[in-house]
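Just below sit the structures, each encoded as structure tokens.
One chain, chain A, links the two complexes that follow: it is found with chain B in the first and with chain C in the second.
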Partner chain A sequence: MVGRKNKRMIVLFLIPAIFIYVMVFIYPVFRTFIMSFFAVEAIEQPFYQWTFAGLDNYIGLFGIDLFNRSVTNYLTLWFVGGIAVLFLGMVYAVILTSGVRLKRFWRAVIYLPNVISAIALGTMWINYVFRDIDGLFDRAVNLMGGQTPVMWTGPYMGLWSLLIAYCFGMVGYIMLTFISGIEKISDEYYESASIEGANIFHKFFFITLPLIRGVVRSNIVIWTVSLGTGVFAWSFMFSPNNLTLPFTMPPNYMREIIFGGRGSAVIQRDSGSAAAVGILMALLVVVISVAASLITRRDDVEM
Partner chain B sequence: MKKASRILSPLLMLAMVFALAACGGDAAPPPSGGAAEQPPATTAQDPQADGIEEGASLVYWSMWSEAEPQAIVLAAAARAFTEATGVPITVNFNGRQGQREGLAPALSAGEAIDLFDEDIDRVTGQWAEHLLVLDDLINGVFSDTDGQPFRRLVNNGLMNMAQERGGGRFTVVPYQPFIFTTMFNKDLFEEAGITSAPTNWNEFLEACERLMDIGITPMTVDNAYIPALFGYTLTRIVGVDRTLEIFANTELSDPGVLRTAEVLEELITRGFMSQRAATNVFPEGQAAEFAMETVAMYLNGSWLPNELREINPDINWGSFAWPSIDAGGAGTEAHNIGAQSFGINRNTSYPNAAFAFIRWITLGHWDQRLADDTWGVPMANDAVWPPQLADAQAIFAATTNPFPWAAGAEDDPNITAAIIEGFQRMVAGTINAQQFADSLAALS
Partner chain C sequence: MARSVSTREPIKIRKDLRLAPGYLLCGVWALFTFLLIGWTIAASLVTPREIFGGDVLGAFFERLVNFDLVFNNYVLAWGAQNLSRFFVNSVIYSVISLTLIIIIAAPASYALSRFKFRFNAVVQGITSIAMGVPAVMIIMPIFSLATAMRATGSRTTLIFLYIGMNVPFTIFYLLPFFKNLPSGLEEAAAVDGCSPVRTFWRIMFPLAQPGIITVTIFNFITIWNEFFISMIFANDAAIRPIAVGLFNMVQGMRYAGHWGAMFASAVIVFAPTFILFIFLSNKILASVTGGAIKG
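Our next item is the complex of A and B:
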């Protein structure tokens, strides 16, 4: 039993944390939601200067090519990149939990991009990997007899290059989560399967995969949530001064219409529509996360 | 399992070698060297005579990043100002993004900021409500203005621009001016036998041919400056006013848009535009092509020599006006001219002290120092332009029809993105000028 005095102390200690949480999380979310239904030019404008606009901000957004493209870019990156990251993360995890030599070394190396800033990684990809003619990828294509320049950061390949670079930085994190799940599986399952003549693929599909279904679900949610915010810096790196069609993501579009352009200083600001972008993004992440949970929830196995 | 690990281990090793190779290459250039402290040589202020408030102290939010040459000079200038006047200054170097995102909310929240800076259009546009009207100060005579009003000592064209942006009143003081013009490599021009800078479009195309003859790519552009190239070219076809109208009203089905696409297409199909322009992510074009002297020209700002000085300090810089193209278009008198600018918070308690600091930066020693150390354009009339911008000085002086950034081509992100996409596709050779123009007309 917690005494009345102790309860008071708990409440007292919780107040600062709750206050900060309300001020830096609940209040901005609430304000953004409300703002999305108003015509607001500057984000710092007081409420009395807002004009009610109903759903106009939401409807208007879907009439803007650049915003629509940003959503398409985001969904492409989420779907294709998600499959690639989950697949590679799982393959690495299976390899590293299979008794491979220098396991810790490989694990650290694969995880390394996660501790390097997106700016440094982006610079590496843009200037040394994707560079036309003498970049790493063009040289590799040349060696294989392909035609160069491939124009990795141009209008056709741009999104796919961004996808490759972003996924490269995410695989390590996803891999570690899979490793933690796989390592919880008892060796007895594998030993029994070996005695029954199961090969490495049988073991993966009939033991490992069913037993890490929950980890897959967690990783889909992690991928979805991290993409929503993490892709901003990557888009910025690939298109540092202006928004461009292959690289623009919803958060970047949102930033542009809140604070104005990076080149021109006279872009019409529209914080109301930017708030609508934020709400739509949040809804998208919630819907995807819930869907992922529902799809992978069935047949969870107790280990 | 052991067999699998023997196979997989070398595969992992190979993957890591690949990844490490990707990390190789040249190291990023170090930040620009800075200004050592020196006492001001020519600027002297008398705090009492200039009405600097008793007990004044200033908070200055700056758009520069701390390691930039401009920030290094400004920080040194602030220290020297404090020594000379006794007015302490706290300088926050926020960088461009930090300033654009943080200043307005901070001012609205009543944070004690006396002085701030950014691009003249942004300060007089987005932050106009926070600005103190400076008419009296700008027309005033001070201890460091040799008995003349301050306004007479600084660039008249920019002061006119400042007054126009303020709706007839002065609300900012420009500094670090720039002109957007054709920056070129004089040595490459000389090597190609080009004895004088092109003055019209035919001469320009001829110069491109000559450069091609010696194996030099005439021009390049990064994804950051494609809209400016498009906007500039459009001014040379339909004139400045019509260009501004086309972008402001999204009248992109104007025949001038197609003509602009055709002019740019000619540069591309004749090989005058670098093929890398289809993919150049800023600053690849300027850093990996122009600075490496494989490309001779770049339509860019007068800040380019400073931006490239660490990569190649030996470029022999020249400038010429983007040539006139069609009879109805603008000529070499029309350029995008602009500046950073200082604004004083209308709620400051120390307007005289803040203006004293502005004079400290825009006149005499520190104005010259800022120009010298940043290879930038000075603000005072009696200052000397750096040799890298000698040609640009003449173009600046001859500009009677200044226009805003990119001639308005970047005022709507939807249009900006479409211009970049279409141009890059043309460079890649997958669409022609008509298709480019059609894609823009579809936005109308």
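Our next item is the complex of A and C:
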């Protein structure tokens, strides 16, 4: 069926996209991978100036406190934030598919933070919600008789505040994916369950949850992928002048060792290690994706 | 796709009572969201002294009834603090990238969705993987390449990256739109002597327009808010897009005590995507789940 004319058209139509794939994805991924095994100081250095270093970059990274802290921070955010966001996304998806009025309105409001620039959102959170004494949270704490200022953006609460602000924006996105999964479930299941006398919790645990396992897996992957770049802006907002322990994250640490510190001269430029950071972050995405598909493998509904 | 809209449902007390906890949770979330955005807008229209006075909403309403809102905050942010330049930069980047993304992605998506050929599955596979490749994996080689070509800190590099980062999702998103078009269209056009390329641009592309518009809105939001790549590749103040511009401005204004202007800048930055969302939320939300089906 594919004629000669069509063949020429297919090639013509695919060349620009394939060029993009090669230039922006395939070549960079391979070069970053190779670079992570070489000692490279400046990012501009051409390949012939690199010296092979085996796993030194990786081993070296785990000897640096700032990097280790960035990994701990990142994994804490990934794990605690992931549970919170998936839980809240699921709760709101179940509510919005249970027949509430104004469904489209609630859905739009909960999704809203996703369309707002992280920098604008961060400005609001830090300078209004988390502000000492007359910020929203301190006032709420005060009202309930707690001790203020809590110092939401300080070293003790900082990471948790970042987590709350970041997760607030992500719930809507995860919720939407859950809603689209739940809406594909036939109403008949719920109707016959109702006849048998099942309540909302029975329905959730015995119908909804088993049938949207595939969506849970997708959402775990979405959460993991989006965190990698999403967290960069938030770390910058909470710690605008230099890397600080409570807010440092791997992509921010990576930027710092590629281009040198913001203000602080302590950090050595080390592009080879920066590549290793990139590989480690990609590895997390791959491991989580595989693990998620293993855990939720036996699901009957292909989403 | 279109679900039946259940507006003007008669009031059923028992059902609504059963759903009360759901309404409560939705209400709490919505209240907080409105407070966050409403307070920011209010703070952008009062003086720094009033912001520190604690009662921003009170001060805002008092000024509102007296026609005395501090629009000077916006004048300061837009003019003196150069937000206008970053805004124009981002508009230019968006218009060029969004156009080129469609010119590159729509034909590719069409070829992949309607024709069987040897590497079809491979290209589609790379598309899916590319959507999950973290940006940290690609910035370094591109940066060295740009350095070799003396193109670091250039608008072209930025636009090239905005295009590259959004092409995979756009191809992926448009696949079903082309696939679902009637199958006899190409043959009919060929009988009339229309070449395959012309058939695409004249017949298939216009028919896929709903998908193209939706994905372009979505891409616009992504590019307008993009921060990571811009932060790496737009060191020079003259070429900064709006998110990076805002970041630098916020830090500067905090030190200078221009609190009203700081919130005004934040409002200016989120206004375009916010307004777009108010009018087109259904279209945008449809595009989100369209892309999320395969994570």
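Criterion: the second predicted complex is superposed on the first by the 291 of 303 C-alpha atoms of A that agree within 3 Å, B and C clash if a C-alpha of one lies under 4 Å from a C-alpha of the other, contacts with A are read in each partner's own complex, and residues count from 1 in each chain.
Going forward, contacts are C-beta pairs under 8 Å (C-beta built on N, C-alpha and C of every residue); 3 or more make two chains touch, one makes a residue touch a chain.
Everything numeric here is computed off the predicted structure, so don't read it as measured data.
Under the clash rule set out above, the superposition-derived model of chain A with chain B and chain C contains a clash between the two partners.
Once chain A of one complex is fitted onto chain A of the other, the partner contacts of A:153 are limited to chain B, with no touch recorded for chain C.
Ranking chain B and chain C by residues of chain A touched puts C first.
Of the two partner chains placed by superposition, A:208 touches none, neither chain B nor chain C.
Of the two partner chains placed by the overlay, only chain B lies in contact with A:65; chain C stays clear of it.
In the superposition on chain A, A:95 contacts both chain B and chain C. Look at A:73: by the touch rule set out above, it reaches neither chain B nor chain C. Of the two partner chains, neither chain B nor chain C is touched by A:235. When the shared chain is aligned, no partner comes close enough to touch A:57: not chain B, not chain C.
By the document's definition of touching, neither partner reaches A:273: not chain B, not chain C. In the superposed pair of complexes, A:18 makes contact with chain C only, with no contact to chain B. The superposed model puts chain B in the path of chain C at one of 62-70, 80-88, 98-106 or 242-250, which is 80-88. On chain A, the surface patch touched by chain B in one complex and by chain C in the other comprises residues 43-44, 95, 98-101, 106, 109, 123-125, 127-129, 136, 237, 240-241, 259. Every residue of chain A that touches chain C in the complex is listed here, in rising order: 1-2, 5-10, 12-14, 16-18, 20-21, 23-29, 31-32, 35, 43-46, 91-92, 95-96, 98-101, 104, 106-121, 123-125, 127-129, 134, 136, 173, 176-177, 179-180, 183, 217-222, 225, 228-229, 232-233, 236-237, 240-241, 250-251, 254-255, 258-259, 271, 274-275, 277-279, 281-282, 285, 289, 303. Listed in rising order, the residues of chain A touching chain B in the complex are 42-44, 64-66, 69, 95, 98-102, 106, 109, 123-133, 136, 149, 151-156, 168, 200, 237-246, 248, 253, 256-257, 259-269. The residues of chain C lying in touch with chain A in their complex are 3, 6, 9, 15-16, 19, 22-23, 25-26, 29-30, 33-37, 39-40, 43, 52, 54, 103-105, 107-108, 110-112, 115-117, 123, 126-127, 129-130, 132-144, 147-148, 160-161, 163-165, 167-168, 171, 195-197, 200, 221, 224-225, 227-228, 231-232, 242-243, 246-247, 250-251, 254, 259, 262-263, 266-267, 269-270, 273-274, 276-277, 281-282, 284-285, 288-289, 292-295.
Across the interface of their complex, chain A is touched by residues 1-2, 4-5, 8-9, 12, 16, 19, 21-25, 28, 96-97, 100-101, 104-105, 108-109, 118-122, 125-126, 222-225, 227-228, 275-276, 278-282, 284, 288, 404-406, 408, 410-414, 416-418, 420-421, 424-425, 428, 430, 443 of chain B.
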